[in-house]
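To keep things simple, chains are lettered A, B and C as they appear, and every chain counts its residues starting from 1.
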Amino acid sequence: MKHHLLTIAVLGGLIALAVGASEAFGIRLYDRIATHLCISLVLVLGLQVFMGNSGILSFAHIGFMGVGAYTSAVLTIPVQMKGMALPDLYPVMQGIELSPYLAVAAGGLAAALVAAVVSFPLMRLSDAAAVITSFALLVVLYTIMTHWSEVTNGPRTLFGLPKATDLWTAAVVALLALGAALAFKESRTGRLLRASRDDEHAAAAIGANIPLLRWRAFVVAALFAGIGGALWGHFITSFSPKAFYLKETFLILSMLVIGGPATVTGAVIGTFVVTVAYESLRALEGLINEAKLIDQPVIGLTEIVLAMAMIGVLVLRPGGLFATREIGVLVARQMARWETRSWTGKPPTAPSTTPTPKNPKTSG
Amino acid sequence: MLEVTDLEVRYGAIRAVRGISLSVAKGELVALIGANGAGKSSTLMCIAGALNAAAGSVRLAGEDVTSATPEKMVRKGVATVPETRDVFPDLTVSENLRLGSYIRRHDTAGIAQDQEHMFGLFPVLAERAAQPAGTLSGGEQQMLVIARAMMSRPTVLLLDEPSLGLAPVIVDQIFAMIAELKASGLTILLVEQNVAKALLVADRAYVMRLGTVSTSGTAAEISANTDLSALYLGG
Amino acid sequence: MTFAIQFLIDVLSLGGAYALMALGLVVVFGILRLVNFAYGELIMVAGYTMFLVSGSGLPWLVMAAVAVVMAILASIATDYVAFRPVRAKSVTAVLITSFAFSTLLQNAALLFISPRPRTVPLPDMFSQVVVIGGVITPMRNLITIAAAVILLGLFALLMRRTVLGIAMRAAATNFTMARMLGVPSNVIISAAFAISGLLAGVVGLLWIGRIGTVVPGIGLGPLLIAFIATVIGGMRSLSGAVIGGFLLAFIDTSLNYTLPQDLLKFRDAFTFSLVILILLWRPEGLIKGPATGQRT
């Protein structure tokens, strides 16, 4: 329990620090970045809930972000504007205008509901097939968003959402997401799911209903994604389906993979690292374009660098920066070492805890 | 022919083989016997190139092959039949045999000849030549993997527990085969839990226990002196 | 009657293309158990190669050959960049590295060539129309069917008759044991990637031939098709991939013919729902792959 409190304290402190620093600087740009960071945290933590515990890669996550965003949009765009923003909207929905807070929750629930219905048959699939199907699901969600003009305004931009998300709201939701992700990890579902990740047969032998466990994690992840999407919608106030497709999937995935999918700490740290890298690279791209060093506009540089970073991390540290242990554990160990040292005046001998790796020769 | 010196094999921090030395002269059949977990298979797999050696060396006809890959070992004339008896279940018996001769794949005449020879030695394989190997019985599969290993015309054969899980009658047949292979001049290193049978065909034997060699000598010496039941019970 | 012939030609030509796409994916998956997310980009590479050599004045067939060779090289490069360094680590790691490599390739095209569509030279033969049994259809469809038949036939021959094919099938079942018989692992793996590149290159040219232009994201459609065809056909079965491809083409074509106009744009959602139903019934796909006993 102590470890978990430490983890929450450290990570939560980091978030609070980022938010506080941004406020202190008072620059709008930093506010925007910090808010994006908090929203990304919600999304990445959601992905961690599913990927980290089940060991299965899911590409559909951003699709559910879209579900949440559009649901919240339809529920909150002021009635006067609905005529312009969503000209073909079904009459029954035209009169609805809810408070953004309710709508964000509704967005999360809508995403969770869609996930619950669509994903149950998919949870019995083997790892590779599950990943592939999740990818297809992303494309399907994107297709629906692009063509269901009545509700999404089709491929065109949807505008008119009230700007309800500010830095503090985003930060609070991010902190709640942090706690929830940790809680899920340590819950019975989370533990059993991790057991099944490591050895499917053994887990089944102790009565774990693996498809059901995976399904629960998937639905919870979609809930996070829906809330994150709705929050984002109310921050940016206008968007199109293109915002919920491959580029964003790649970004969110890079955050989780670089940080470490198996730990909540990995999700948080990864988000920080990639956000900083992304913003810096974007700024660099902007500078290069302004300086007109090359006559073509420089686009895609950020993604290329991030892609190479992802491959690099996977080659050198396949589990990510925080592969197995939450930061609370690491801090507790360090504290224990300091305590021992202060008692005896000597540094303690550290026990070796290297896991036993397999021995086979691989490539010729 | 085969010289193993101070070989160590590790699985992470665990030392499965703790510095063993053995040798097999040309044309000899040497048995590596001992209880479960003694490190016999690990030794064999390391010689075969499938496992890394943490320390020590393996020399084949004077040449250092300690870090050679399995493919390289086959090209140098060392064929291995692992304990897991890995036939390719969806390939036919003929296809399995053909794959055994991969390194000689351009010698179509020689391969055809060898396949006939194998069918002569193992008539039951001839019967089932077009059947998927997965439909064969345990004993038939054992014969197949030995025949398959022989298709590469090896000079050294590494056999890991050929009698495992087979009925006594079949085991007799397998060992008769092994004796014939030895008689034809093949150098054989045989890992076996069936000590009695192994000592009947072997020239010499090494007894392994917990990763090291506890006794060695001619087959006659070992069967006379060592308490066989102690071996089986890991004493 | 004309309707039936039209339907048949549509299904066969689409199915042929789909089957080739799926096969190119399964060749690598069957042996390595690894999904190649950068597979779609092989088609992109073929397309952009055609664009880049279009000014050279060479006959189309020569340009096409160059494009296919580039696809093969790109496929082998994928192995060296995204697979070999991480193969031993975990299945998920490879999925992600190949996804990252896919993003890298697409953005490289974006950065170094252009984000806008680029025209790809096509032989006149592609758009010539042919009349069969009262049905008018572009020659391209017939060429696709012919190409599919030839390539699938050659592939089956390779797998069944040649030592390389037998070695690849063996490696797909038990990689380590194949090595212990002297089968060089590197050769097998490179061969698999090369075949994958060849199939992707050829089907890529036929696929791009329907639109005539190439964009960085052109590989996504075929990738998805290959994915779905493979999943419903059976992920580790070569024949399953082919069957899955034809089945998917059948579903897509049928939906094209039967869905009312305003629902047609949601065709992919309907296809996917049908796929989910198939998976509910048979999670491992329609055709079982080689027996292993471990979880796929």
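Throughout what follows, a residue touches a chain if its C-beta (ideal position, glycine included) is under 8 Å from a C-beta of that chain, and two chains touch if they have at least 3 such contacts.
Please read these numbers as outputs of a predicted model, since none were measured by experiment.
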item	value
Chain whose Cα mean lies nearest the overall Cα mean	C
Reference chain A; chain at largest CA-centroid distance	B
Cα-centroid distance, chain A relative to chain C, in whole angstrom	31
Distance between chain centroids, defined by C-alpha means - chain A, chain B (Å)	52
Chain B-chain C separation of Cα centroids, rounded to whole Å	42
Multi-partner residues of chain A (at least 2 other chains)	360, 364
Interface hub residues of chain B, defined as touching at least two other chains	49-50, 69-71
Residue list for chain C, restricted to those that touch at least two other chains	176, 179, 184-185
Partner chain A, residues of chain C touching it in the complex	29, 33, 35, 81-82, 84-93, 95-97, 99-101, 103-104, 106-108, 110-111, 114-115, 176, 179, 184-186, 217, 220, 224, 227-228, 230-231, 235, 265-266, 268-269, 272, 275-277, 279-280, 283-285, 295-296
Chain A to chain C touching residues, read off their complex	55-57, 118, 121-122, 124-129, 131-133, 135-137, 139-140, 143-144, 147-148, 200, 246, 250, 253-254, 257, 261, 296, 298-301, 303-304, 306-308, 310-311, 314-315, 318, 360, 362-364
Residue numbers on chain B that touch chain C, as the complex places them	48-50, 69-71, 74-75, 79-80, 82, 84, 86, 88-91, 95, 98-100, 102-103, 105, 134, 148-149, 152
Residues of chain C defined as touching chain B within the complex	163, 166-167, 169-170, 173-174, 176-185, 290-291
